[in-house]
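Think of it as A, B, C, D, E and F in the order they're written, each chain with its own count starting at 1.
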Amino acid sequence: MNRLVAEIAASYRERPINPLLDYSLLPSRKRVIESIHLVWELLFPGYFGKQDLNDETMEYHIGSVLIQIQEKLSDQIGRSLLYRRGQDSHSSQEVRPEAEEIIHQFLAEIPRIRSVLATDAQIAFDGDPAANDLSEIIFSYPGLFAVGIYRMAHELELLSVPLIPRIMTEYAHSVTGIDIHPGAKIGSSFFIDHGTGVVIGETTVIGNRVKVYHGVTLGALSLREGHLMYGKKRHPTLEDDVTVYSGASILGGDTVIGKGVVIGSNVSIFKSVPAGAKVTVKNPELIIKGQARQEFPQEFTWDWII
Amino acid sequence: MNRLVAEIAASYRERPINPLLDYSLLPSRKRVIESIHLVWELLFPGYFGKQDLNDETMEYHIGSVLIQIQEKLSDQIGRSLLYRRGQDSHSSQEVRPEAEEIIHQFLAEIPRIRSVLATDAQIAFDGDPAANDLSEIIFSYPGLFAVGIYRMAHELELLSVPLIPRIMTEYAHSVTGIDIHPGAKIGSSFFIDHGTGVVIGETTVIGNRVKVYHGVTLGALSLREGHLMYGKKRHPTLEDDVTVYSGASILGGDTVIGKGVVIGSNVSIFKSVPAGAKVTVKNPELIIKGQARQEFPQEFTWDWII
Amino acid sequence: MNRLVAEIAASYRERPINPLLDYSLLPSRKRVIESIHLVWELLFPGYFGKQDLNDETMEYHIGSVLIQIQEKLSDQIGRSLLYRRGQDSHSSQEVRPEAEEIIHQFLAEIPRIRSVLATDAQIAFDGDPAANDLSEIIFSYPGLFAVGIYRMAHELELLSVPLIPRIMTEYAHSVTGIDIHPGAKIGSSFFIDHGTGVVIGETTVIGNRVKVYHGVTLGALSLREGHLMYGKKRHPTLEDDVTVYSGASILGGDTVIGKGVVIGSNVSIFKSVPAGAKVTVKNPELIIKGQARQEFPQEFTWDWII
Amino acid sequence: MNRLVAEIAASYRERPINPLLDYSLLPSRKRVIESIHLVWELLFPGYFGKQDLNDETMEYHIGSVLIQIQEKLSDQIGRSLLYRRGQDSHSSQEVRPEAEEIIHQFLAEIPRIRSVLATDAQIAFDGDPAANDLSEIIFSYPGLFAVGIYRMAHELELLSVPLIPRIMTEYAHSVTGIDIHPGAKIGSSFFIDHGTGVVIGETTVIGNRVKVYHGVTLGALSLREGHLMYGKKRHPTLEDDVTVYSGASILGGDTVIGKGVVIGSNVSIFKSVPAGAKVTVKNPELIIKGQARQEFPQEFTWDWII
Amino acid sequence: MNRLVAEIAASYRERPINPLLDYSLLPSRKRVIESIHLVWELLFPGYFGKQDLNDETMEYHIGSVLIQIQEKLSDQIGRSLLYRRGQDSHSSQEVRPEAEEIIHQFLAEIPRIRSVLATDAQIAFDGDPAANDLSEIIFSYPGLFAVGIYRMAHELELLSVPLIPRIMTEYAHSVTGIDIHPGAKIGSSFFIDHGTGVVIGETTVIGNRVKVYHGVTLGALSLREGHLMYGKKRHPTLEDDVTVYSGASILGGDTVIGKGVVIGSNVSIFKSVPAGAKVTVKNPELIIKGQARQEFPQEFTWDWII
Amino acid sequence: MNRLVAEIAASYRERPINPLLDYSLLPSRKRVIESIHLVWELLFPGYFGKQDLNDETMEYHIGSVLIQIQEKLSDQIGRSLLYRRGQDSHSSQEVRPEAEEIIHQFLAEIPRIRSVLATDAQIAFDGDPAANDLSEIIFSYPGLFAVGIYRMAHELELLSVPLIPRIMTEYAHSVTGIDIHPGAKIGSSFFIDHGTGVVIGETTVIGNRVKVYHGVTLGALSLREGHLMYGKKRHPTLEDDVTVYSGASILGGDTVIGKGVVIGSNVSIFKSVPAGAKVTVKNPELIIKGQARQEFPQEFTWDWII
């Protein structure tokens, strides 16, 4: 036991990846996640958190939740600022004004985030025959959750908050299987159906009224150069009204998918597609075995799919 | 702060998506999830929840868990019924008898659900060389969890409970990456291996002894018409003893996959396949680079895969 | 109610899958997961669990966490040993020495696991232009979490602990969408990006500095024979410095991917690939509709992708 | 086991003291106590509950705590009203308006309770040389806690709420050893020092600036007649500026202790005492043993004590 | 820090009062208290713990609570038996049968305890004009709580369980200020009013329908000899229908208070009192100061008090 | 609602007793109490908190608990120092060194406190025939708990920590009914039996091997002058080996109770008593009513009592 403790302690003291001896405070993933749920409660009142709100008490409830968010998140933002500056916690007073300024700007965006999320929910309802009403979407659609968390995280990314935006979107990734980088730019009325396996890269740009199904990758063409690509546009642009069906990949920072384009299932795209096009893959030849072979002429009239 | 609160409050009062001022009570996602875990405890005694059951006390334990489920779930069902009727909580007495009738019918199905889940666990064990015994499957297989939650949710769907069935299956989706709509009809001995990325649509019909691997979509052909398709059969039918390997898609409400059919990995199917057939994709031509090019003739003797 | 309780009790007494009457104690999934998080806290001090460690108190903190792990996990290991032996809890004293021996061996590996995970984190940072620093990776990358849990679970698998290794990796699967069997053998500097949908089978062997993207399957060729395959090598071998892009499948126990090979997106491999090769799929022909048809010659100069 | 369960169940069905089969809902002692602490938080902001209040957010904090009190307590009040009426929970809608009216009246008294408690705290500080400042009294004096809870409970008693006022004061009794019946009438600037063993009966009337020390009983003369005395004044009246030292008893409904009277330790009083009097007991003769006998003439110049 | 740890560790190793190195398991005060509350829930259904019981589910609820008590308490009893035997936890299997026999005998007494407590509650109601109904007494009277806990603890004392009975009654002492030794023998219809400061010694014997007020001591005459008195009757006997008013002391193992005796407030008794007597103290002479001296002839017609 | 909120907010802004707008941080009573229990765990290892300590892990356990105490308590001490200085939380860095110095001095006293408490426990065992062994005393005697908390609090009082010592002893008062001011000076082997109602004032001085029973007051003679007495010795001195039986009062700052003195029950003392004396009260004359009058000659051979 003593030897084991000593070994672990030695490794703590040696490894450069340990903030242990340099910074005493890092943001807490737990607190960041709690903040996410508080904002969510504010975005969808009555669905999450407190129920039985009424006209008389509404303002107090909103104020109270805002205070909680402010406290929880400004503390975490302060820690992330200290971390970026490479300072220890004895300087925590110094970052306080900056953290408070950031949290105020963030909170001021909540009404706008809320109105954008309303467009996301509405288009999900309009486009999904399996949805019975908006409440079902708010309660249970993973796409709405992932996009909502992305929208919060993106605001903090724009305010140059370190670490926290990514903690937020990776939390949503864990819950939904949808991986949206907080740096992506996404318009209104965005709908992700089913969602598991969706990847949306850091420099992706997405217009309004875009739909994306499960397993879609909006990725980089080449990852060979690694950090050389840092800060460059590596992921595609999707203009308004684009639809991308399940399993498709759209790759490359110069790839622009024009307005109204439909990309079929499993299509891989590496070049720009002009507005209005519908792109499907010519289905690969199937090999049929068993006595039923001749009865199965699958006609590739891919028209239906898009 | 005051301005922000006022803005948020105003948006609560304006937006039609807020049940806030119309209904005081909605179901609670948290309580629904707690109910799921209570039922799970009942389905797999000794594995989850209380351990150290014995013959003498078993009935009391079962009774006690049933009471908890009954209370938690009948309250949530009552709220969802009120919600559907567009009534506020002052009428909560009125929906009580209906909620209690529903919960009784639901609970009465538990022994049957349990015996069906036993077939699901058994076939998982029989078909997976990586499984050491049934306990490993019950403890850790996401496929069994997702199918089990689907089986609960499906019963509530049949009883026309609003909102809750979907909250249940989307919870399982979040935990497992397997998205099964509660409206699907699934026979016994159903096995989903690995499971991440599986999507099974609302009007899918699945027979007995069907196996499905990760990344399989049982989906709709076209989603263009959106709500026009509401209530129509949009997803395929899989007859008994069908196997669908990873990444395959079977699409369309008229598509029927006959008894004993095997669908290979990454195959996309849009038309019915007669019983007994084995369908694989002719592997697309590979492009080999590097000095090793000529040493790599990958022979497509797809026989092994199915 | 009485009838329902009786039915459920009867099914408990009849079904062979119930350990209920045979074993009074099984491992607790909840406790195993708590143990995982304690080990994680030890592996990444300051990031998870207690913050504000300092040089003076470090050893006590480490010792205290080790004691907690030891207690929690040795109890669970004891239960799993009893379970394997088919003994009830009255024999729990007998397995104690074995459980304690196992936990000591497991804990003794923690410094080594920690140093391997440091290589995993470093290569993730080196290869991902979206990562700002190591802390971001430690806090939020699902690949690091899944690989870390696999590395713990693999040690217990080597020590022949029943049930628990799989509970651990399936927990990571649930959180990340990455399904790594605890029996797999994985070298250092292993990086999984995005990760959702990755499957790594039980007999897979992976060298050092391997990268794998989301949706990759390292699987068995044929699952037809089920338990006949038990114990055989069914999954591929990846030598050092291999990269496998998203959606690719590498199948078969005899399939060896040579040193430095790059496998492109969506490629399916069933045979060995010699060292140094780069394999991409010849992209299937696309079908373009709409006025823009002729403007869209997507050139398959797949070079960029790898 | 079965026999035992049956016996207990039989006793539940037989005993008249069980509300079990008559009322399905009783107030919850736990919730009532939670309400007490919420009101306490409101009465002493910054000391209990949330810290770090500021001018900007104060109103929202107050509003939020008021909402919580309102919800928690109005539900409990509704249950107690149902209980008094002998109705089951199906009539819970009927008592709602009455419960809400009561809670509004109760909350409206909070500012007044707060200003009275400020006088209680101030006089404690003025009279106790062991108190360093007001904060010490607010944080730790049991007398202030017991009197504060009494003041809440008394308001509910005035509003004819059943059961709850007594649950409140008995909670304070449990915490402090001070037993004040919620029916007592107590003026401002009331101070109980140390407090253990103090009993203040239901029909006691106490003026302003009264001090009472530990072990004081303000009780009934005769308890012989039991319920015959119900509703009669059975406990004494203490006019303004009375002081009662430790262990004294003042008994009887007709006993009036005049303005400014001082009652010494261990005095028992059964008749009215005119204003301005100082009453001490003639100390009983002591019996001294041991060699020191003659050195110990304790002179009963009780002057110092009062 | 290191020095401090070493010092403390050294003191752990040296002091004989530490069971640390001799016994690995002692009973847990926390678990014992949890058991108390479970039994309490069983004794007063609907008041504490689960509400909304009904005829259909009652047996399951009772069974479920009994199982919980059985598990929690038999574990603690086993630990206390090990402790008494001076054995370490490796022998825990050996005490199991004894612990289970004890818990069965204890649980079998619950219906009887419950019926005796019903007499305690009823007499409290009959004798206290401040009580509005039985529910008020059950919810809030400390006397009933202390006596109820005593009744549980006494059963365990009779079954020779070490440590736990005293932990139970001292818990009640902490909550109520009433200190009843678990060894005392107390008849039915026992009522303690207010209760703070009551002490009832180990060898006290109390008949039926006895009332005791706050501050009453039923104690030993001389404590000089300490452990020499161990096991002897040191505390008084109160026959049926005795009443003892506040602050009175009855001392001595040979002191018998006869049937129907009334002992007035502050009386000290050291010898037996024959049946039917009423004993009061001649009130000590009072000293009156101030102008009101002559107006205050307190007549000691102690008749009223008893 | 709005009016009520405004009223309460206004009262917060006006009243001088609110630290609200002046200090943002006060100590937290909750955290202080948590610290108490951590120290208690350290003082009585194996009885409270973690069980199953062993020789190998003991140091780590101690170190880990010390770290927790240090963090929790130094934060609270820092807040109390800020409070005393009248500074807001922006200066919290400034008090840090002082808080850390205090906590180090406090922790350094723990071994000594522990050895003194061992004498307290031992003498309780030696003197109480109802105690079966030391464990029973440690687990359940309120006297030991109150004295232990006092001993902690007294150390902090000596280190001039504001607010916290009193919060600690009043917590013990709430739990035990024993009110010991943290400023009192108390020797080793101090035993309080039963304890409810004991009051020990701020300037009391107590020697070694003193015993005190329930209801004993060691108080001030006159409280008339209030704050004029601040800082003066107002409470008595008890020399070594004094015993004070239940209900006795010893009052006055000049009152010295000599070595070995015994004070009988209910005696009131206002002057010094020389060493070796035994003081009892001449029992007041009793008034006997009923037929048994002549049979009851209570002989006042008070010898036995002391």
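As a working rule, contacts are C-beta pairs under 8 Å (C-beta built on N, C-alpha and C of every residue); 3 or more make two chains touch, one makes a residue touch a chain.
All figures in this text were calculated on a predicted structure; none of them were measured in a lab.
K.L.:
Which neighbours do chain C and chain F have in common?
P.N.:
Touching chain C and chain F alike, sorted by label: A, E.
K.L.:
Please find the path from chain C to chain D through touching chains that uses the fewest steps, and give that number.
P.N.:
The distance in steps between these two chains is 2.
K.L.:
Chains shared as neighbours by chain B and chain E?
P.N.:
Where chain B and chain E share a partner, that partner set is C, D.
K.L.:
Taking each chain's centre as the mean of its C-alpha atoms, which one ends up farthest from the centre of chain A?
P.N.:
So the farthest one, by centre of C-alpha atoms, is E.
K.L.:
Report the inter-centroid distance (CA atoms only) between chain A and chain C in whole Å.
P.N.:
A distance of 24 Å separates the two centres.
K.L.:
Indicate the whole-number Å distance between the mean C-alpha point of chain C and the mean C-alpha point of chain E.
P.N.:
It comes to 56 Å between the two C-alpha centres.
K.L.:
Return the distance between the CA-based centres of chain B and chain F, expressed in whole Å.
P.N.:
Centre separation, chain B to chain F: 61 Å.
K.L.:
Can you list the chain B residues in contact with two or more other chains?
P.N.:
Chain B, residues with two or more chain partners: 1, 5, 52, 57, 59-60, 62-63, 66, 177, 196-197, 215, 247, 266, 283-284, 306.
K.L.:
What topology does the chain touch graph have (line, ring, star, complete, other)?
P.N.:
Its topology fits none of the listed shapes; call it other.
K.L.:
Please list, in label order, each pair of chains that touches.
P.N.:
After working through each pair, the chains in contact turn out to be A-B, A-C, A-D, A-F, B-C, B-D, B-E, C-E, C-F, D-E, D-F, E-F.
K.L.:
If you look only at chain C, which of its residues touch chain E in the complex?
P.N.:
Touch list, chain C to chain E: 1, 5, 56-57, 60, 90, 92-93.
K.L.:
Quick one: which bits of chain C touch chain B in the complex? Just the residue numbers, please.
P.N.:
Residue positions touching the partner: 1, 4-9, 11-13, 15, 17-21, 23-29, 83, 89, 162-163, 166-167, 169-171, 173-174, 177, 179, 181, 183, 196-197, 199, 201-202, 215, 217, 219-232, 234, 247, 249, 251-252, 258, 266-271, 273-284, 302, 306.
K.L.:
Per the contact definition, I'd like the list of chain B residues that touch chain C in the complex.
P.N.:
Per the stated touch rule, the residues are 42, 45-48, 51-55, 58-59, 62-63, 66, 107-108, 110-111, 114-115, 118, 121-122, 126-130, 132, 134-136, 138-142, 175-177, 193-194, 196-197, 214-215, 246-247, 265-266, 283-293, 295-296, 298-299, 304-306.
K.L.:
Write out the stretch or stretches of chain E touching chain B in their complex.
P.N.:
Those residues of chain E that touch chain B are 52, 57, 59-64, 66-67, 70-71.
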